[in-house]
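Each of the next two complexes has subunit A plus one more chain, namely subunit B in the first and subunit C in the second.
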Partner chain A sequence: MIEGAPWRRWVFFYVPVTAFVVSLLFPFYWMVITTIRPDSELYRPWSAANYAPFWTTRPTLEHIRDLLSETLFSTWMLNTMIISLAATAISLFCGLLAGYALSRLKFPYAGLIGTAIFITYLVPQTLLFIPLADIIRNFKLGDSPWALILTYPTFLIPFCTWLLMGYFKSIPKELEECARIDGAPRWKAMVYIIFPVAIPGILSAGIFAFTLSWNEFIYALVFLSSPEQKTVPVGVTSELVRGDVFYWGELMAGALLGSIPVAFVYSFFVEYYVSGITGSVKG
Partner chain B sequence: MATGGSVATVALRQQYVPAAKRGPITRLLEDERRLAFCLMLPTMVLLALFIAYPFVNGILLAVTDTRVGVPGHFVGMDNFTKIWSDDIFHVAVWNTCLYTFVTTVFKLALGLWLALLLNRNFRGKAFMRAFILLPFIIPTVLSTFAWKWMFDPTFSVLNWLLFHVGIIRTRINWLGDPTMAMVSVIIVNVWRGVPFYAISLLAGLQTISPELHEAAAIDGARAWSRFRHVTWPLLLPVTLVIVLFSVIQTFADFQLVYVLTGGGPANATQLFATYAYQLGIGTGLLSQGAAISLAIFPILLLVVIVQLIYIRRTETL
Partner chain C sequence: MARVAMRGLNKMYDDVHAVIDVNLDIRDQEFVVLVGPSGCGKTTTLRMVAGLESITGGQISIDEKVVNELPPMDRDIAMVFQNYALYPHMSVYDNMAFGLKMRKFEKAEIANRVKEAADILGIQDLLKRKPRQLSGGQRQRVALGRAIVRHPQVFLFDEPLSNLDAKLRVQMRVELKKLHERLGTTAIYVTHDQVEAMTLGDRVVVMRDGRVQQVGDPMDLYNQPANRFVAGFIGSPAMNFAAVRIAAENGSLWAESADLRIKVPAPIAPRLGRYAGMDATLGVRPEDLRIARDGDANDMSFDVAIEVVERLGSEILLDVAAGSTSMVASVEPTVTAKVHEKLRLAINPDRVHFFDNQTEAAI
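And then the complex of A and B:
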C-alpha cells in the first residue's frame, strides 16, 4: 500500500504515475483520433481558432475504407502474418533443440558454441543488411517472402535458444533420469518429458519472436521491392507517402490496424511476454 | 511437477520395448554427442548461412569497389580511408554517440523511477503494467508515424499544447530545425525505451526481499538512503545487463530515424545505420555502405567483451 499523508501520496505517487501513463499512451490516442477524424478537420493549423485537437464531432470511417480499398494494405497484413508465423515456427524449432542440447548434453565445444550464439544474439540487423542483400540476390530469394522467413530466424534463434536454455536449466535432471531408467530412449525423454514442462518458456519465446518479426523493418525494406510483397511497416512507409505528400488519415489508420494483431497476441499473453523480457535480460 | 513426471514415465514405460529391439536411428541418437550434433545442426546451418557468411562477405565487400550491378576489384583499405576522411561520417559518429548516451541516461532514469512507482501494491497494477508496455510492443515504424504527425510543423498537437499551457510563444519547428530534430528523435526513442527499462527493472526490484528494507528502516534509514544503500546495489547487476542490451540496440538504431527525419535536416540526425543505408542502398555504393556498417562492429565487440567478462564474474561469485 501507499503510505503517508494524502498530499505526499499525490505528489510522490498519483501525479507521476498519471504523467507517465498519459505520455506513454497519448500517441496511441492520437492514432485513433486521427483515423476517425474527417480530412476537413484534420488539416486545420494548430494556431487556428477552431482547432479542437482531442475530440471530433463528426467521426468517419472514410480513412479505413480508403486504406482497405485503394491500397494493398490487406495484402501487406497477410504477408506480415505469414512471414511472422513462419519465422517464429522455424526459430522455436531450432531454439528448442539447440537450447536443450546446450543446457542438458555434454559435447565438445559446447561452451564455445554457446558463447557464439550469445554473440549473434547481440548482432544488430543494421550490421549485416548490405552484404546480406547481396547474398539474398545470389540465392535468387530477392522480393519473395522466403528472403524474410529465412533471415528473421537469425535474430530470433539466438534469443529463443538463450531464453529456453534458462528454462531447461531450471528443470530437475531427475525427471529425465527417471524416464531413462525406465527404458525411454534419449530423444523420447526429451520430447515427451522435458518439452512439455518447458511450455511456458516456449510460449514466452514464441510471443516475443512473433512481435519482433512484426516489428522488423530494415531487412523487409531492403530485400523486398514490389508493392504486393511488402510487409505492413514497409508498405505503410513507402506506399502511403508520395514524395512530400503524407496521407495522414490513411497513415494513422494503417498504423492502428497494423498494430492490432500484435496488441491482440500480447493482450492474451501479457504474463508470458513480461517473463520473456525478464528472462532475456537475466542472461 | 514431480507427479506429472511420474505419470508420464509410467506412460512411457508401457510404450517401450527392450533396448535391443529399437530402431537404428534411436540407437544412433543414444550417443550424447551424436544427439547434440543433430540438435545443433538446424541452428548452426541457419546462423552460418545468414550471419557468418554475410559477415565475411561484408568484409570482402568493404575491401573492393563494388557497386550495384558492377562487380568490384580489390582496393584494400581505400573505403575505410575514404570514410575516415568523410565529414558526414564524422557527423554520423558524433550523432550516434550523442544519441546513444543521452537516450540511455533518460531511459534509465525515467525507467527506474517508473519501476519504483510500480513496485507497490495498488489497485489495477497488473492492468497498468500491461498498458505501459504498449510503446515497446507496437511496431516502431507505426508508432513513429504517430509521432511524426504530432511533430508536424503546421498541425502539431504538441505545439498547440505547449502554446496553451504558456510554455512557448511561437511554433517549434520540431523536425525542421537541426537541434530540435535531434531532440525529437531522442524523445521518441526514450518514449519507446522507458517501458522496457521499467518492466525489466521492476522484475529486478521484486527479487529484493522487503525484509532488507524493513531492517534498514528500523535502523533509521530514510527513503533516499534506503534506495542508495539497499535497493541500488542489489539492482546493479540486472541494470548493467539491461543497459548493455539497450546500448547495442540504440547504437544500431535505424527505423526510428529513417521514418522521422531520414537523417536530415542536413545530416543533423544522421546515424551509422541511416548513413550506411543511404550510401549502400540509396546511392548503390555497396562497398562503402558495407564499410560504414562494419565500423559499428568494433564498438559492438567492446560491449560484448565487457558483458562476457561481467557474466563470467557474476557466475564465479
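And then the complex of A and C:
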C-alpha cells in the first residue's frame, strides 16, 4: 500500500487503478450495451438530437434471439466446446508426461529436447498453417473437428510442457524419492504424489490451453469451410459480416455469449490459477 | 534387522569424485553416524545405500544381499529427509500409511501399525491434520513415524534435525536415541554436527573430500584421532594446534617453537624419534590445558597472554596467545583471570598429540 498523505494515495493508487479498470472494462461494457440496444438506436446517426451511445432506454434481447434462431450459433458453441475440450485434454496429457520427463528424468539431450519443444512454440501460426493445411488435406481431415483437435496441440503441447516443467521443478524432489523408498514405482510416485501436488500448475495449464483453443482463429478459419462445422470466433465473424453489412447487434451478442464459458472457467479456478503461476510447494 | 556392508564404494559425478573407496561394516542394530563438513560425500554415501544414487564402483550389501541394482523400494529401508518430505496433500495418517498401502497391507494391519507408531511418537492427536498445520517438531515426528511403521531393516537419516531450532534439536536428539534403544533397528545417520554425531552414534565415521578419515566409537575419535582433520573436527571448542620443530637434546625429545618449548612425554617419545630435527604439529585440547601451579615442571608449561575471556557458567574459555600462536584453554569457573593478564598454562602430558606435517596423520 502507498504510505503517507491521502493525496499521495489518490495520485499513485486510486486514480491509476481506476483508469486501468475503466479502460479494461469499457470494451466489455460496449459489447453488452450494443447487444441489448435495439437496431433503431444502433443505427441512429450521431448528429441526431437523441443520440446517446453510452446507454439505452429500451433494452432488448432481440439480437440474442436472432443469433440463436437465425444463425447456427448454438452449433458453433458446441463445436468450439468439443474441439477445445478435446485439444486441451490431449495437450494436457502429453504436456504432463513430457514436462515430468524433462524436469525429473535424466536422459541424454534432455535440455536440448526441452529447448526444441519451446522453439516450436515460437513458430508463428500464420506461417505454420501453410504446411499444416497440406497435412490436413493429405489425411482428408479438412472441414471436420479433427482438423482442429489435432492441430491445436501443435502450439498447446509446447505451452503445457513448459508451464508444467517449471511447476514440477518447484516440487522438492525428496517427495518423490521418499515415495520411491516407501514402495512406489516411479509411475505410482508420479500419479499419487507428484500430480496431486501439481494440481494448481495442471489447472493453470488446462485453463490456458482451453482459452487459447476457444479463441483460436486462423486455423479454424483455414481448415473449416462449411457453416455447420465452424467455431464461434470464425462463425460469428464470417456469417454476421456479409460484404460490407455488419450485423452489429448479433456480432456483439455472439461475442458476449462466446466469452461466457471462458469467464466461467477463469472465475471458477482463479485461486488455483494464481497459485499455479506464482506459487510453489512447501513441504 | 540387518547388517550393511560397503566394499570399495565409489561415486563419480561428471568430473567430481564424490565418494572414494569407502569400506564400512555396519553391525546389526548399530547406530552409525556419518559426519563431516558439507561436500565430504556423507549424503552421497547415504543416498547410494538408499538406492537414490547409482553406484559408480564397489558394492553395497544389506543383510548379506548385494543391493547395487535394486530399486529403493526393494531394499527394505526407510529414510528421513532433512526437509521431512511429507506429502502435502495427504493427512498425517495417510502419510504414514502410504508405504504400507503401496506394499498392499491389509487395512486393519495398516491402522494397527500407524496407531502403534503414533503412540510411540506421541502424535495420536495429529493423525487427521495436514502437514502444513503442523509445527517443525511435529513434522519431524510424522516423518519418523512414516519411517517406523514399515518396520524396515535399516533406517537412513539425512540431517533430520538441522531444520529445527536449537532447543528442539537437543530434545529430538534424545528422543531419537531412545527410539533406537527401543526398536533396535540398524541406523545410518548423516550430520555435519559433531555434537550430534558424538551423542547419537554407537560408532562415528568421519569423512572428508569423499574419503573416510576414521571410524570408531565416539570416545576413540576424541582420545585417539587418526589425523589432524579428525582431531580438529571432533570436540568443541576445537583442538589447539601449534607448529613445532622436534629437537633431540640430552637423550630426550623437545617440541619447540619461538613461542613455547615442551618436553615430549616419555610414552610417545619413541614414535617421534624419527622426526628429530623435523617440523611437526603439536595438538592439545582446550580441556587438557590448565593454569600452571608452582610445583609444575617447567618443561610441560608455557607463558601466554589472555586475549578474550568467555564465561560459559560451567567453565571458562580463555582465548590466549603464546607469541604468535593462538590457543583456547578451558579452565574452572572459579578462575578470576582477566583480559591482558599474563599467566602460565600447563599441558596434561598424557593427552598431547603430534601430527605429521605432510600426511597430517597422528604420530
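In this section, the second predicted complex is superposed on the first by the 257 of 283 C-alpha atoms of A that agree within 3 Å, B and C clash if a C-alpha of one lies under 4 Å from a C-alpha of the other, contacts with A are read in each partner's own complex, and residues count from 1 in each chain.
The working rule: a contact is a pair of C-beta atoms (placed from the backbone, for glycine too) under 8 Å apart; a residue touches a chain by one contact, two chains touch by 3 or more.
Quantities reported herein were computed from a predicted structural model and do not represent experimental measurements.
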| Between subunit B (first) and subunit C (second), which does A:81 come into contact with in this model arrangement: first, second, both, or neither? | neither
| request: Kindly classify A:27 by the partners it touches after superposition: subunit B alone (first), subunit C alone (second), both, or neither? | output: first
| task | Would you check which partner chain A:89 touches, where first means subunit B only, second means subunit C only, and both and neither mean what they say? | result | neither
| Looking at the overlay, does A:97 come into contact with subunit B only (first), subunit C only (second), both, or neither? | first
| query | Should A:197 be classified as contacting the first partner (subunit B), the second (subunit C), both, or neither? | reply | both
| said: Quick one: is A:113 in contact with subunit B, with subunit C, with both, or with neither? Answer first, second, both or neither. | reply: first
| query | Which of the two partners, first being subunit B and second being subunit C, lies in contact with A:252: first, second, both, or neither? | reply | first
| Residues on subunit A lying within both footprints (that of subunit B and that of subunit C) | 172, 175, 178-179, 182-185, 188, 192-193, 196-197, 281-283
| field | Contact footprint of subunit C on subunit A as seen in their complex | value | 172, 174-175, 177-185, 188, 192-193, 196-197, 199, 281-283
| note | The subunit B residues in contact with subunit A across the complex are 1-2, 4-6, 8-9, 11-13, 16, 18-19, 22, 26, 29-30, 32-33, 35-40, 42-44, 46-47, 49-51, 53-55, 57-58, 61, 110, 113-114, 117-118, 120-122, 126, 128-135, 137-143, 145-150, 152, 154-157, 159-161, 163, 171, 191, 194-196, 199-200, 203, 238, 241-242, 245, 248-249, 251-255, 258-259, 272-273, 276-277, 280-281, 286, 289-290, 293-294, 296-297, 300, 303-304, 307-308, 311
| remark: Touching subunit B in the complex, subunit A uses residues 1-2, 13, 16-17, 20-21, 23-25, 27-28, 30-31, 34, 42-47, 51, 53, 90, 93-95, 97-98, 100-102, 105-108, 110, 113, 115-120, 122-135, 150-151, 153-154, 157-158, 161, 172, 175, 178-179, 182-189, 192-193, 196-197, 211, 214-215, 217-218, 221-222, 232-234, 236-237, 246, 248, 251-252, 254-255, 258-259, 262-263, 266-267, 270, 273-274, 277-278, 280-283
| message | So in the complex, the part of subunit C that touches subunit A is made up of which residues? | response | 50-52, 71-73, 75, 77-79, 81-89, 98-99, 102-103, 131-132, 146, 150
